[in-house]
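The following blocks contain the structures, represented as structure tokens.
There are two complexes below, and they share chain A, which is joined by chain B in the first and by chain C in the second.
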Partner chain A sequence: MEDIWFRLPPGIQDGLVLVALVLPVLALALFLLRGFAPGPLIAALLRRFRWANAVFVALIAISVGMGIGLIAQERGLRVGMAHAADKFDLVVSAPGSEMTMMLASVFLQPSDVPLLSGAVYNEIAGHENVEIAAPLAFGDSYQGASVIGTIADFVPYLSDGRMEGRIWTTPFEAIAGAGAPVDIGESFTPAHGHGDGADGDEHEGVVFTVVGKMARTGTPWDKAILIPVEAVWRVHGLADGHRVSDGDRLGPPFDAALFPGTPAIVVHASALWANYALKSEFSRDRETMAFFPGTILANLYGIMGDLRRAMSLMSVVTQVLVAASVLLGLSILTRLVQRQTAMLRALGAPRRFVVAVIWSYGVTLLVLGTVGGLLVGWGAAELLSRVVTSHTDILVRASLGWSEVHLAAAFLAVTSLLSLVPALAIPRQPITEGLRA
Partner chain B sequence: MTRFFLALGALLFTASPLLAADPDHGHDHNADGEVSHVFEQAGLHVVHPWTRATSGRDALIFMDLENEGDAPITLLGAHAHWAESAEIVGFALENGEERYLPLPSIPVAPGHDLVLRPKEVALRLSGLSEALVKGQHLDLELQTSLGELEIDVMVEAADATNHGHAGHSH
Partner chain C sequence: MGLALTVEGLVVLGSDNRPILEVDSFALPRGALVGISGPSGAGKTTLLHAIAGLIQHAQGRVCWEEADLLNLGEDARTRFRADHIGMIFQDFLLFDELGPLANATLTAMFHPRARRAPLRKRAGDLLGQLGLPETPRVVGSFSGGERQRVAIARALAADAPILLADEPTASLHREAADRLIEDLVELARTRGTTLIAVSHDQWLLDRMDRVITVRDGRLASEGAA
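Up next, the complex of A and B:
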């Protein structure tokens, strides 16, 4: 049985879980409503107490929506972060903290780190299984945007070839990310450093002209400005990786003796398997550290997973409290309709019919609240996504997945079954007392 | 009732050798009588093979492969009598979800290590014939360009992140 389950496609598994959650409610509905048509009576109750009903539905929608929004947002952030690392199959740096280097290379949060030599760069770039070996040179910024030195091949790789304008041909030309504060044709002088401590006068007289603009990638690199790595070295008074006789030559091969160093090299291998062989070759004690940003992120998710479990637990506890409130609310609502139900019983309506009317009325409110909760959850996640995207440049997309649908269905199933309790209590109350209510 | 206790006593007596049997039975032991954690073949050192306890269909096997020889050694795959199939897999994040994708062979350059570890690269054994229990030792036939090498895989806890002896020098 377990074998059959695991062989099913994930979509079918999720669909079956949903059916399993909803099935008890459908079975109960079939049992209670068999042979009855309480629709008009329920519609009348909904109209008669529309404000109380609306408040009840809104409370359910908000409480369910908060739980759903939280889960959807967490997943959106996880997917967005993973997407940001898509182009960073393998990163080679000097030995140190993988997390620090992942934050620097993928999320553009640079730190002071040791540099890799030209010999190491040439060895990586010349490896038979390496398609792109892009050095990254951090340190400068312009109006809050990181200015990063690299090689021309990295630009079409990063943007999947989607860009306006052209690639640089001289050292002082630049290519802007989609969200960078400069456009094609504009010029800028980078500041030395980042943030409040950036020195705007350090590179006085150095002017870069933007000749290309990459399409939006949904990563922090959208806000970056890319320039030839040779220009970064030159403006810092260093050799530019080439002999003087090479003139304004840009890009590899570099002369190892004239290569000032790079904190990180982004490596794109010719095949997935080659990444592991390359990692094996470039993980060297006291010389180089090769790591997969995807693995670092996954390990981070592992830590976040505990947080996610805590959030899920909080969400479940909240839903339990909401379910208890719903039970209380339904009891109050049944008091509201006490007179109507007493009249039905006085007219000789069967006990099951009265229970069916009250239960269906409660479940209708629960269904409306739960569907509203899905909408509120989606809206809350969408709003949070925009806030997170604008603050981090990581494209976070809110979407409702099976987890949210399962949470909503479980809530609906539990509360629907619980709402049988106040419905069953109605026929036990004296008819005369109900008629006087 | 007396006969019942006599029968129970006899059963326990006859079963005692089975109950006392070492779970490491049938595995290589070093000079100190401990189960080996290192396996060698013509310059290839396989260190700390391990997996996680599971009752599922698949198990990921991890280990360090050290090429101490002068020529490249290629990891080709594995075979185990307790699983239907085995393949090399590489970790990938697809839309934030963790996946292990099948890989062809992986070469290990001379003087370098290939570390099979969680969320990087592993051997995936599918169709397990039995649940894997913590403390158990499993036979595995590692297939490389050097030929086949019998190794012993230690079953660690279901949530383990490395071999129990990780960090020890062997």
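Up next, the complex of A and C:
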């Protein structure tokens, strides 16, 4: 049985789960409404208590929407972060915190970290299984955008070759990310440091000209400006990795003795399996630390997973509380029509008919609220995605998926079954009491 | 044609288990028009409810022809009311948000599908007869007289042989009450319906074949109007 289930396409599995969640409600509806046509009465109740109904529907929509919006947002953020780390198969840095180094290299969060030597860089760059070994030199910025020194090969790798203009050919040319505050042909002087503490005068007289612009990648690197790593070293008064006799030569190979150091090296191996060998080879105590950013993210998701479960639980509790309030409200509202329901019974309406009317009225509100909740959730996820993307430059695309639909359907199923309680209570009252109420 | 009623040894108990209505016996022929009068709180409405099979805790016999309502189960009594009894209430008990036809055909919503179309046709005809032609208005905007006529159409639409009315003119001004009484009596006589109406309205009671007076939970007198 389990085999058959796992052989089904995911879309079919999700569809079947949805059917399984909704089926009890449909079965109950069929049982209660069989042979009856109570539509006008339900419409009358909806009209009679229209403002209270609107409040109930809004409450349900907000509680369901908040729950599924948050879950969709969390998933969108997770996908966005994973996408941001796509190009960072393996990162080698000096030993320390993998998380700090991942945040610095993948998400461009500045931090002071020890440097790797030229010998290490050359060993990695010269490895037979390494296609690209890109040093990353952080520390400068321009109008909030990180200015990062690297090698020319990293640019087409990072942008998948999608860029306007050209690669730099001289040390003081730059290539901007799609969201960087400079365009092709513009010049800028980088500040030393980041944010409010950045020193704008430190690199006075240093002018970079933008010669290329990368297409949008949906990562924090969209806001970065890439420059030759030699230029970073030079503006900080250091050797530039090459002999004086090499002139303005850019890129590897570097002279290990003239290599001032780099905080991190992004490694792209020639084959997937080689990443594991390289990681093992460059994980050396007190010398180098090699890590997969994807693994660090997976660990982070593990922690976030607990948070997600807590959020889901809180969301469910909120929804249950709102549903309980709505059902209590429904039972109060239906008390207001007890004379009419007693009249129906006096005219010969079976108990099942009265239950069907009250239950269908409640379920109509729950269905409207749940559908509204899906819309609110979608809207909230869209809004939050834009806010998160604008603050982090991580492209977050939160969309409603099957899990949100399942959550909404589960809410509808549980509350629909619970709304039988007030519906069943109404016809239990003696008819004569109801008529005199 | 209406049904005949026989009531014997009817005792209705109150919530404190003390009798609130005791009736030795009375009988009504098919198609009789009967008024129930008496002071407030005497037990008139309780008698009407017992005759309709609405009271669960009662002893004795309330027989509509062969059907003894007090010895039927709840579901059977409900079915009996659906098939045989139309009711008119003092304050109409209509759904204000619906139109006159929807209110008059309320019972169609739980009657078998086959009975719905004829019931709707009869309700439309009755509304026309009662001077309420088709209108997009909802009954919430109707006058008291119009609302009570919708209630009559609802009570008669199922073609029930028994019509029970609880103070049908109490909420109406004199002119509307007079018209309602004329309509009610004429429709009941034309159809041969057994009509039992609880009322303080002497004009209505004067139009009945017989009047039963209830006082202190007992039948005080019975006679021709």
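We adopt the following convention: the second predicted complex is superposed on the first by the 411 of 437 C-alpha atoms of A that agree within 3 Å, B and C clash if a C-alpha of one lies under 4 Å from a C-alpha of the other, contacts with A are read in each partner's own complex, and residues count from 1 in each chain.
Assume a residue touches a chain if its C-beta (ideal position, glycine included) is under 8 Å from a C-beta of that chain, and two chains touch if they have at least 3 such contacts.
Computed from a predicted model, the values in this text were never measured in an experiment.
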Please indicate which partner A:A44 is in contact with in the superposed arrangement: first for chain B, second for chain C, both, or neither. second
Taking the superposition on A as described, I'd like to know which of chain B and chain C A:F188 touches: first, second, both or neither. neither
For A:N299, decide between first (touching chain B), second (touching chain C), both and neither. first
For A:F411, is the partner it touches chain B (first), chain C (second), both, or none of the two (neither)? neither
If you look only at chain C, which of its residues touch chain A in the complex? 46, 49, 52, 54-56, 75, 78-83, 85-87, 89, 93, 95-98, 102, 106-110, 112-113, 116, 154
Spell out the part of chain B that touches chain A in their complex, as residue ranges. 56-57, 88, 90-96, 98, 101, 103-109, 112-115, 119-121
So in the complex, which bits of chain A are touching chain C? 35-38, 40-41, 43-44, 47-48, 339-340, 343-351, 353, 430-432, 435
Which positions of chain A touch chain B when the two form their complex? 2-3, 6, 75, 78-83, 85, 272-273, 275-277, 279-281, 283, 292, 294-295, 297-299, 301
